[in-house]
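To keep things simple, chains are lettered A, B and C as they appear, and every chain counts its residues starting from 1.
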Amino acid sequence: MLFRLNNENLGYDGAAVLRGISITVSAGERVALVGESGAGKSTLLSVLQDRYGGNTALIPQEPGLVRSLSVFHNVYMGSLHRHSAAYNLLNLVWPRQNEIKRIRPIVERLGLGEKLFERAGELSGGQQQRTAICRAILQGGDAVLGDEPVSAADNHQSRAILAALSDTFETIILAMHDVDLALEFSTRIIGIKDGGIALDAPAGDLTRPDLDFLYRD
Amino acid sequence: MATVPGISAPTAPRYSPVVKTSAAFVAVAAGCLLFADISITTLDPWSEMKRIAWGAVTPDFGAVAGLGMVVLQTIAFALCGVALGAVGGFLLSQVFHLGAVRWTCASVRAIHELFWALIFMQVLGLSPLTGVLAIAIPYAGICAKVYAETLEEAHLPALRSLPSGTGIVSAFFFVRLPDVWVHIKNYTSYRFECGLRSSAVLGFIGLPTLGFYLETAFSEGNYSEAAALMIIFYLLIATLRYWMRPKLVGLYVLIAPFLLGGGAAIDMSNIVRFLTVDVVPAPLRGGGLLEGRTWSGLGDWAGTLLIDQALPGMVATILLTQIALVATGVLALALFPLVSKKFFGPVTRTVGHVFLVVMRSTPEFILAYIFLQLWGPSMLPAIVALSLHNGAIIGHLVGRFSDEVRLRPDSPRGINLYGFEIVPRVYGQFLAFLFYRWEVIMRETAILGILGIATLGFFVDSALADIRLDRAIFLIAVMAAFNVAVDALSRQIRNRLRLSTRAGQA
Amino acid sequence: MMRSRSTLLLFSLVSLLLFGGVTPQAFADTFVFTAIPDEDEARLRQRFNKVAAYLSKELGVETKYVPVKSYAAAVTAFRNNQVQLAWFGGLSGVRARNLVPGSEAIAQGYEDQAFLTYFIAHASTGLKSSGTFPAGMAGKTFTFGSKGSTSGRLMPEYYVRQNFNKAPDEVFTKVGFSGNHAKTIALVQSGAYQVGAVNFKVWENNLKSGKIDPAKVAIIWTTPPYPDYQWTIRGDVDQRWKPGFKQRVTEVLLNMKDPDLLASFPRKNFIPAKNADYQPILDVAKQIKLID
């Protein structure tokens, strides 16, 4: 059991966005959070990150890159915790060959190979998003929490990204806006509506029309 | 006709806090004008003006022997001072959250470079270290503040997505610093430009920089020589971005210390004497600490200084600061259209830019010096000098800001555009810049005291002329406290009016 | 981008370390002197570079003149042992010797035994030259020379206080400090100030060189004579150079006969001086509270 919330009110600065939330996510699950934008998916993810961030990688909605550093460095940041400060600084100034070797395949898999030494600030929105995903992949860990990680990718890219995440992480929780993709990719769907969990079921038991009610007033 | 119940149109316009604050400042300045000494005492200012104008069009570059070395030394002092100040400020910015550090930084930057130089002159004499420290110390104080504020703004999402367990050093260099590096770099290079001005001005009190020769040329009426020196100074600043390449900075900083010139050996005993004897109030020196006479003497000493010098100095400082502040604002609002794409074509804008660059590159100290020669002693030269220099700086920033305003296609033109579309949109920004300059203007009024305008700086200069360092230090401390207070007040007003801008720009 | 940042950091640190090591010792065994900046700097440089050459030759020790921008800087440099000899005015000399025990006045100009200050006024004031103190200047604007000058500040302030029994800023509507004597003349001549006090030697020099327009500015009163300029030397020069060095410097100064050298001061010749000669200056300075 990796994540557990028991009848909790979640929100910012005391104002609850979600009420009475109970969730348990076990190792090996691939969870898709669906619901209208503003429903509280990001809130839920950020609470999970705050509580269980120890060995969990995060892909924030705003990709959280350092715009003045290269793709290499932004991805390398996923491994900062594994090295000494001195080694990290060395790589900041002068990227080591073995680190490049480690990072290149990850970046190439997501189609960013040519951009390895370009500054993140100069990339397109989709490329920045994929850079953030590469960072999470390099970081690794038991689980990944992603807030709309494929919002700026086309269908083909989305599948590649999700496959890459699945290859790296045993447990995955992603907020997704593409319901079809969510059904196809995940093992479990959690639907959020009106400040609470309106649906929590195995993806295999659901079809597209079962989710439509989440997006109706 | 349907009406909304309970709401009737107000009968008089309601003014926003921003407008009310502005009106209050204008009213205060108008009140100050009543008490300020403003006059032209020279009987024939025009003949001198003509000579200056003639000098300006006939610059004599051959007049200063070894001009190249003078320019190099001016750059070298700026480089060493700013490099030391920036590195020191950077280290301090890491502990800026500590109250003691914040207060120390506020007090050291409240004292102008010229006064730092005058203090160090007492200890280190003509040694180049005097000039380097005079720049480095206040700059460290200001850099610490700006760097700390900038680093605080570092992008949080990037920090959040770091793996847990990332060390603070790695997090700092991978996320915080790179995220704000461009701002820090830009701010530091802006500081270097300021450093060049400071370095030049330090020559006025004896360091071997451009100011040394400028002072001589001006006071002897060699305006062609003065013009040549000023032109070289403008060229130095105008070409800054061509020779101050990021790749070369390191090399420059390495070479610079060797260009500072000899000077004199530094004697530890002078430093000890300064700290243990010179700065001790005269009645305490030699007097028994248990004798009542010593302490009543100290009371008299402090009382006389406060009432006869600090108080009148403070009054003059306030009068001059408030008048110059409002004059700066008026001038900035009048000048910014000159460089704004919203108002003028490229030709006028180029002329405007040249005028503003010249005005903001000329240190206010030098402007005041020239106007004093022209009009004789009163507050007038100081007001004009301060408002021209600062008005040009703010006018430039507001002009640039106005370029970003998006207008509807059918917006009015000319004065209507100015009054209805542009000024209302840039006013908040303008006021923010102006309030940032408030404390700077006050610090500058102090140095104009060296030129004879009876601000606090005048009394400091007198005490130094009498080699009464205890009095000088006491008055400098009063001055610094005063500046820190104005800084705090300005911040409070900015917060209340919700004015914000990057500190580094103004 | 990355490369330049690291070099910047590295070089800044290296230069920081270097700073500790670079303590300039350029003048380790050079005999250095300065002079109060009482006149146009170009003239001062010209004057004292010639004197430096003369001293180097006669003393057999490398001698160098360093210019300073203020009277206080001259005194401070002397006090901090960055110069060992100085051409001081009466007041700056007294101050310097007070601060440096063992230092001595060794020579003065012939004229410095009985130095004078001229009170000068712009023609528009209607003030005329007179043998009695010009009480009519009350209510006018007035400029001294430098704040630390004997002839431009100390003595004129003394006589103003003595005759009006009031501080200068109560006597005059405005009181200024021009910075040096040449500027005092220029400011009164331009009318920026109506009345001023100036070193008589500088006045005569400027009159000779045609810088003064007698139609615009004229002398209205002359102070009684007082002792002024002198060469002052630190007491520790014998230890630093050689025994008898102070005596040798004194002789060389007194033996300065080259009319060209002397004319640039301008003094007829130099005569011996001692600290006690300047007691009157010290008394006056204490009386008007310029020295504690």
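We take it that a contact is a pair of C-beta atoms (placed from the backbone, for glycine too) under 8 Å apart; a residue touches a chain by one contact, two chains touch by 3 or more.
A quick note: this is a predicted structure, and the numbers were derived from the prediction, not measured.
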What chain is most central when centres are computed from CA atoms?
B
If we define chain centres by averaging CA atoms, which chain lands farthest from subunit C? Would you check?
A
Can you compute the centre-to-centre distance for subunit A and subunit B, using the mean CA position of each chain? Integer Å is fine.
48
Using mean CA coordinates as chain centres, what's the gap between subunit B and subunit C in Å?
32
Could you put a whole-Å number on the gap between the CA centroids of subunit A and subunit C?
77
At least two partner chains per residue is the criterion; list those residues in subunit B.
181
Junction residues of subunit A, two or more chains touched:
68, 92
For subunit C, write out the residues touching at least two other chains, lowest number first.
1, 3, 5
Listed in rising order, the residues of subunit B that touch subunit C in the complex are 37, 41-44, 48, 80, 83-84, 86-87, 121-128, 132, 181, 204-206, 212, 215-216, 219-221, 246-247, 249-251, 253-254, 256-258, 260-267, 270, 282, 376-377, 452, 461-462, 464-468
Show which residues of subunit B lie in contact with subunit A when the two form their complex.
155, 157-167, 169-171, 173-175, 178-179, 181-182
For the complex, which residues does subunit C have touching subunit B?
1, 3-5, 7-8, 10-16, 18-19, 22-28, 32, 40-42, 66-73, 75-77, 79-82, 95, 99, 122, 124, 141, 146-148, 174, 176-177, 179-180, 182-183, 186-187, 190-193, 290-292
Write out the stretch or stretches of subunit A touching subunit B in their complex.
49, 53-55, 57-60, 62-69, 73, 76-85, 88-89, 92, 132, 135-136, 139, 141
